[in-house]
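Two complexes follow with subunit A in common, the first pairing it with subunit B and the second with subunit C.
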Partner chain A sequence: TAAAPRPWRLFGAMCLLRLPRITQPLEKEEEEMAALMGQIELEKSHYSDHEIRKLEEEEQLRRRKESMYDDDDEAPGKTVIMAQDLEDKWEQKLLQFKAAPRITDADKNNDRTSLNRKLDSNLMLLVKQKLGNQELWLLPQVEWQPGETLRSTAERAMATFLGDHIQAKILGNAPYGIYKYKFPRAIRTEDNVGAKVFFFKAFLQSSDFSQAELKEDYLWVTKDELGDYLKSEYLKKVNRFLLD
Partner chain B sequence: CSFSFFSSWLPQTVPFRGSHWQTSLLAFRASLPMRAQPMKKKKKVDVKREQAQKDRMKKKIKKLEKAAPEMIPIEDFITPLKYSESNRVRSLPPLSFEETERRVLLLKKWCLFKQKQDKAEKKAIQTLVEAQQEALKELRLESEELYQAAIRRDEGLFPFERDGPNYTPPLPGYDPPEGKCIDITKVYTQ
Partner chain C sequence: DALVSCHRHYRSRPTHGIGRFKYLLPKEAPKKRKDKVQMKEINVGTEYEYGDVNIQMTSYDMCLVEHFAQYVHKLCNRLSIRVNESYAMPTKTNEVLFLEERGSKMQLDAVLTTHQRVVQISGLSSTFAPILLEVIQSNQPEGVHLLVKEHTEADFKSRLKSRPELEELLAQMN
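Here is the complex of A and B:
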């Protein structure tokens, strides 16, 4: 540690990501390709047992109709289950099942504070914080205190805003990005030139938690929506370490 | 045993026999020797014979072990014969010229699409790494010990497990139908 006081104040910020729960919709080329692959697979395949059974039963039905068999002594009491009937039954069963919708209510209302929105992309936590005399939307950050590593600063930042019962997997000890800024001339002194904010990334593990613990305003936003809230310089640095 | 002739006649009055099975010198063996106990072999020969037997058994075992172990057949690579019957072949109309053209063009478009996607991914990873390097450089300028703490390996990170995304989100209160799974895979021992 240097003897001279460091002119930069250190902050640790946590970028908490909620990972996607459902798959993203396929692009046009991907859909066409998937269809083509299915077709080629069908062409190159052989008949399965079920299909052979179906073909034979169709043959039998046709022969019966043509030659007009006397059906009564053929199958008096026994009911033969045809492959076609089985398929119809399976189809019915599938239609009865109702899956959860991919576009949730929160999507329709554009409720940005809920975690159930945009299930196919990453959501990050933004918190409104007071810096100096400005209220800004930022990734949750807290000032570094001597005696702790930057990672623990970031963890503390997360705990301050979300409470202790958060299960998040922090990806490594090293910071992912840095945002350096100088204080406005009014506040700047010799040993307080500006601040460095180190960003850490974490994946949210617990799917739902009591969000009542959040005191300040918070938002869960995707990467595209970050531009609505963050300042341009800050946004540029944050976008560098975010994979869409 | 038969007559045994001695080369030298010893001056003895007692007529001794060649073996204790022969009752007299001139008589043949009259009957099978009937005794309560079986003939006792000498102990040295026993031990030797048993040793020899054990060695032979060990040699046989070694030979068996040296022979290459039989390979466990991989079930996936052996097509069962019933699937190569001719009635299984699908009968479809041959592809038209337009269809083949469409397929070729689609494959080319796919190739380009995938190349762009791959390049974009690599570029994103590159910016990620650069951003991290920049952050670490600034941190080093600030304080050496924080830097050392940052570049230390995170033991709790791996093994990292995550369930992949599904097509639809989980349905709350869904009761999956009951069923039992009976495993019929064949287990081979070597």
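Here is the complex of A and C:
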């Protein structure tokens, strides 16, 4: 006989991660340590070529001022770029450069649907889905069809919610976590005892994609904010495979 | 003074040769000059195991790259992944010239050096590889490019220098 139909329904869920774009700010001890190490290195280091050149030129200038102004007639003949001029030029260039802000507008507004939010931590995609008669915040999941691998189920889940599945990269074929739950007694039949959800992880390669495809509500949240939206049991299993 | 501070006792003392240990170690074969080691493990199977994998890190800042390579090496040691080699590729120097054409042509130079470090790993199981990749990715410092690929002959050959005289002689022979 064929394999007996299993009582569990299988789902494949996708945890889409956006990797942090900036490093996290240093802790107090790390900052102090870095300052101390910088000081030690500065005191131990030797002069670089540029600094030696600068010192020599300063000495030449001083000698010219003290002695007679004979050497001065030669100087305008050759156009010598002094090291001090170079330094000034470089400083001006540095002042012209403006770094991008670390805390973007989306942070100030606390707009959880934009990707520009927390640039120094992982962001995960949460979608509002309807299971049975409940509307829940979940990682996007789709039911498994017999004949396809669980990984392709997860890719399909991503494709249904985002439209494009080229820009995210799944690393391996193995799932990262599993959450199983039993249906409430009212819906339970012989064939349908409960469901198992397998989680897969994928990384967003490029940050710009047209989010017009998303029909339902979606959110990009960090690990700490997951607790606001997910149920406790679900949250426990999801937290097990999330690195921070 | 240097003669008196020697700790080795004379032959007549009973404790002569007390610190000797080299004769206890197994004999090492004398080193040959040619290193043609090429190992490739099975890739397909029930247990997916990758062969030699190269993790290449490139950056302009040498300290960062070296520290990151050290970190990756120590991480693999802790996770009991076998590290075959960890070597550095030769640095590439780039000269950046600005051509400003306002009146007199000025050329401001900047000299950039690109450093590359490679950590070679073998014995990765495919269930563990994505976790390792994620850990390395999330701990990447700024300005460091990460590249993970399988070890090939071309990678091995890129470390060796070509010998034009030898090639000429070979061509003459054939």
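Here, the second predicted complex is superposed on the first by the 204 of 244 C-alpha atoms of A that agree within 3 Å, B and C clash if a C-alpha of one lies under 4 Å from a C-alpha of the other, contacts with A are read in each partner's own complex, and residues count from 1 in each chain.
To be clear about the criterion, a residue touches a chain if its C-beta (ideal position, glycine included) is under 8 Å from a C-beta of that chain, and two chains touch if they have at least 3 such contacts.
This is a predicted model, so every value here is computed, not measured.
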item	value
Partner chain(s) touched by A:R102 [first = subunit B, second = subunit C, both, neither]	first
Which superposed partner A:N122 touches (first subunit B, second subunit C, both, neither)	second
First, second, both or neither for A:R151, with subunit B first and subunit C second	first
Which partner, subunit B or subunit C, touches more subunit A residues	B
Contacts of A:A174 with subunit B and subunit C, given as first, second, both or neither	both
Touched partner set for A:W8, first subunit B, second subunit C, both or neither	first
Subunit B and subunit C contact sites that coincide on subunit A, given as residue numbers	19-20, 22-23, 171-174, 203, 243
Subunit C contact footprint on subunit A (complex, rising order)	19-20, 22-23, 89, 122, 171-174, 201, 203, 243
Subunit B to subunit A touching residues, read off their complex	83, 87-90, 92, 103, 106-107, 109-110, 113, 124-125, 127-128, 130-132, 134-136, 138-139, 142-146, 149-154, 157, 160, 162, 165-172
For the subunit A and subunit B complex, residues of the former touching the latter	1-2, 6, 8, 10, 19-23, 27, 29-30, 32-33, 36, 42-43, 45-47, 52, 98-102, 104, 119-120, 149-151, 169-178, 180, 196, 198-199, 203, 237, 240-241, 243-244
Subunit A partner contacts - residues on subunit C that touch it in the complex	108, 126-127, 129-130, 133-135, 137-138, 141-142
